[in-house]
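Some structures to go through are shown next.
Consider the two complexes below, in which chain A is the common component and chain B and chain C are the respective partners.
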Partner chain A sequence: MSNSPAPKPRKMFFREAIASAVRAAMLEDPTVLVMGQDVGSFGGSYREFDGLYREFGADRVRDMPVAENATIGIGAGAAAAGFRPLVCITYMDFLMLGFDPLINYAAKLRYKTAGALTAPLVVKTTAGAQGQGVAHSQCLDAWLMSVPGIVVAAPSNPQDAFSLMAQALRHDGPVVYIDHKRLFPSPGEVSVDAGLQPFGVAAVRRRGEDVTIISHSYMVQVALKAAARLAEAGISCEVIDLRTLAPLDVDTIEASLRRTGRLVTLEEGQTTCGVGAEVMAQVFSRMGPRPFVRIGALPAPVSSNPVYEALCIPDPERICDAVTALLKNAPPA
Partner chain B sequence: MIYHLTVPKAVPGVEEIRILEWHGEPGARFEPGDMIVELETHKAIVEVRADQPGFLRMVMGQPGDWISIDDTLAVFSDAADEAVPADAKDYSELTVAFEVT
Partner chain C sequence: MTPLDPFDRLRALRSMMQIRAFETALAKRKDHGFQLLSSGEEAVAVGLSMVLRADDDLLTGGRSIGPALARGVDPGALMAELLGRAAGLNGGRAGRGHLSDPRSGFFGAHAVVGGNISVAAGVALARKLSLSEAVVVIMFGDGACGQGVLHETLNIAANWRLPLLFLCNNNGLSVSTPWDAAMATPRLSDLGATFGMPATTIDGLDVELVASTAGEAIAAIRKGGGPAFIEAKSIRLRSHSTTARETRTREALAELETHCPISALAARMKLSPDEIAELQRTVDGAVDAAERFAEASGYPEPGDVLTHVQ
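On to the complex of A and B.
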């Protein structure tokens, strides 16, 4: 870190937090590249790369065709050859097309070469339901948690969007960086001098005594809304933002759960083999089971019909009902 | 009569916008169709145009400033020298047209 006085936090859009982190990494390290659909003169599907093409040119900010498998494959190869590519896959649903180069090549390169080669590749992708139907709305975060060698980062606010991206671009990878469509409209204060955000460190977003709610990405914002409502009913919720799903900060979850004694996991993806299932398995194996409920999307595709979309995805009302039922079934001693 | 221009609910999910550019200084006269201000959301520019004639009297923020939806952006009057009461309760809503680009 420099010795100059820290600049004040500045309010910015979520997309600007991403662009700031990418720009700083590109200025610092000439091997950092950006590749993806519309990342060039268009500035990214969410304008999250605005200005980078103009500043760094087409050699370092490369528009790619609608070919996710090839794009991630080229990214993995470039990473193995000494570059630090940031590959942007517009929707997380399309990440499936690139699983082979991501999982079979990038994630295993260090293992296969006994550490001689690494793949410092960042794959940034956008998850979540917002009016785009069955194949553009999914949160497949949990699928990636089980792949040895992959870091899975999922910011819930502009500060972490900046700090986790800054960390990802300096990591020896691969990192999958998952943002969310519904995080883009809200600005937030960002300290660009806050330094890197180490992976595997969760954040307690709200202190509480009665129940621990574990979440990540946009669902943290939904959890905080539910916690505010529950507080009016006299129920005190602690809200923990995982920030990274792999590595998972089990210490912070355990410390909270030892105080509250009740666990709620909240995710926008499916609960079967979901993030919550893994959180519970890891924390309960340390401290024994506690009363719990896991909340996620209903076991159905996210509909193009906005009414069904809203029904499928957890909202504050569903969380409040689940927490209230949990406290009823497992009342304070 | 005194009017206030409030931040329009132009884009779903957006609760705060950033002022990009004013198209006139306090004192300027606006006719229906004239661009008053451009606002910036996370992905779009909102062009706010006058839908009634009037004089711009005060602006509540400069380019780069953030303002919440429904908050007052500017104050207008029918006549150039009309006294502007301090209490915003006495203001009427300025009719505007806006376009998201």
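On to the complex of A and C.
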């Protein structure tokens, strides 16, 4: 073991952690490119590419026209031909426009060429509701989990924003990296020397005894707020951050659930065929069912209307109510 | 137009006859699911391939067998792939819609209509950023011309001056829909002209004209002139696929046969019936060998179904 002191973490915003990870990868590997709308001198819609255009120039940081389908296709083709493009799709709602090259081409390239070609492509896109209306707010994360060949990463804090991006840009297959509008301005300690974050490893964000709450992305922050409130009422919640939805770390969830005996799945997207439904199917098939509740958006489009948006999206109050009801229905033995 | 020299004419004829013989043999088999054949369209793929360099890349839509053979993909490995055998180009996993053999300059097919157009632009971007002089060619049909991604990619390729040739093989029909019923533009090459690139419509039944036109376009692209668009008008002598029903009358098909690009070149070369028969024996022999190679291989191992997924 080395006796040298651990590198000092730096405080940075979530958006800065992304830029920092992309910059490090670009310095290390000349094949890393950034492509997307407004990623150039504008620095990205959320300034998550700040400074990259100035440092690396227009050949490697490429502003794209509004053409998501061709943008992902060009990224996939460049990836197949030896580059490592990071394609930025401003909002996840627009990812649908590029599903053909992502799902029909990039996700299948390694398989259909029997390993001769791969598409080391990172598609970074922004999910979540923040007043922008029915076609700029969706969390379609669960759709992607069912596509063989794609990694789906969804960091919840600046350290993971850095480490998962660093890992994604070194991975030899397509990665969809989902960030969140409400996370960009959140600060945190980031150790840029912490090494890569392997995919498929969840993190326990809070230890607890009574119930396991699994979540990802921004909803982890909401879960932690709810857990703090519930603690005041004497309810002890364990909060697990999935970090990657595919691959899914079922081991960590199972170990937690064997102790707590109750499962809450929390996501900002729809619960029907959602992340929680899949987590439950996988973990219950290993250990048998446990009392559960799943929480997600109400089954309606997420409006920009402030009343409706707030109603649709899970908040600490809804989580507290659901956990309290779960404990009432399934009290400790 | 610059005609091919006698040696290249013979090469072109043999290559077109090879494709026709290969596809005819394949169509007779029942053990391949279904296939998209290119009878009547051979001059487009062969004319193009006459002027490509080894380091150039060809990408296609799903109608890929003729272009792959024209580019020099091994017929045995190709037949094995189409029959799903382990000795196939891609271990039998790709099939006709997704063939690839990058080492032969055939970067690959992608069977979603229009889907490979943007991918080809990505390959062209990679070549340009690597300061290579390679040119990338995307072959697609008239059916792909209605796809938004073609228009998106034309714009970006022109804007970035990518080393990319858009080669539209207009065989006249998108499954059953005549091209001019689907498209508002009077010439499909007008789509390229809109974005300011050199664009032309030619007779795609004349292999020498295809070679000469593609050769000039590729030379200009190689010099850094940016992308170009060629519409080559061909004919489809068979139905859309080996399992699709034919929508045209026998009379109409018989009339189309009189425009066969292979017969046209053979007539221009004034070959005797004996010379043609000798060529036919050569290409048939190669197809027999390809079928024997494929049949000697088994299907892939069931235990490998999950390999190369991630």
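In the analysis below, the second predicted complex is superposed on the first by the 327 of 333 C-alpha atoms of A that agree within 3 Å, B and C clash if a C-alpha of one lies under 4 Å from a C-alpha of the other, contacts with A are read in each partner's own complex, and residues count from 1 in each chain.
Everything below uses one rule, namely that a residue touches a chain if its C-beta (ideal position, glycine included) is under 8 Å from a C-beta of that chain, and two chains touch if they have at least 3 such contacts.
All figures in this text were calculated on a predicted structure; none of them were measured in a lab.
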item	value
Three-chain arrangement built on chain A, chain B and chain C clash or fit	fit
Partner with the higher number of touched chain A residues, chain C or chain B	C
Touching partner for A:W143 - first (chain B), second (chain C), both, neither	neither
Contacts of A:P187 with chain B and chain C, given as first, second, both or neither	first
Touching partner for A:Y91 - first (chain B), second (chain C), both, neither	neither
Which superposed partner A:N69 touches (first chain B, second chain C, both, neither)	second
Contacts of A:A116 with chain B and chain C, given as first, second, both or neither	second
Which of chain B and chain C A:G173 touches, first, second, both or neither	second
First (chain B), second (chain C), both or neither touched by A:F13	first
Arrangement angle, chain B at one end, chain C at the other, chain A at the vertex (C-alpha, nearest 10°)	130
Contacts of A:R47 with chain B and chain C, given as first, second, both or neither	first
Minimum Cα separation, chain C to chain B, after superposition on A (Å)	29
Contact set on chain B toward chain A in their complex	11, 13-16, 18, 41-43, 66
Residues of chain A that touch chain C when the two form their complex	33, 59, 64-65, 67, 69-83, 85, 100-101, 104-105, 108, 110-117, 148-149, 151, 173
Footprint of chain A on chain C - complex, ascending	57, 90-91, 93-94, 98, 100, 102, 107-108, 110, 112, 115-127, 129-130, 148-149, 152-153, 155-156, 159, 307-310
Partner chain B, residues of chain A touching it in the complex	11, 13-15, 46-47, 130, 182, 184-187
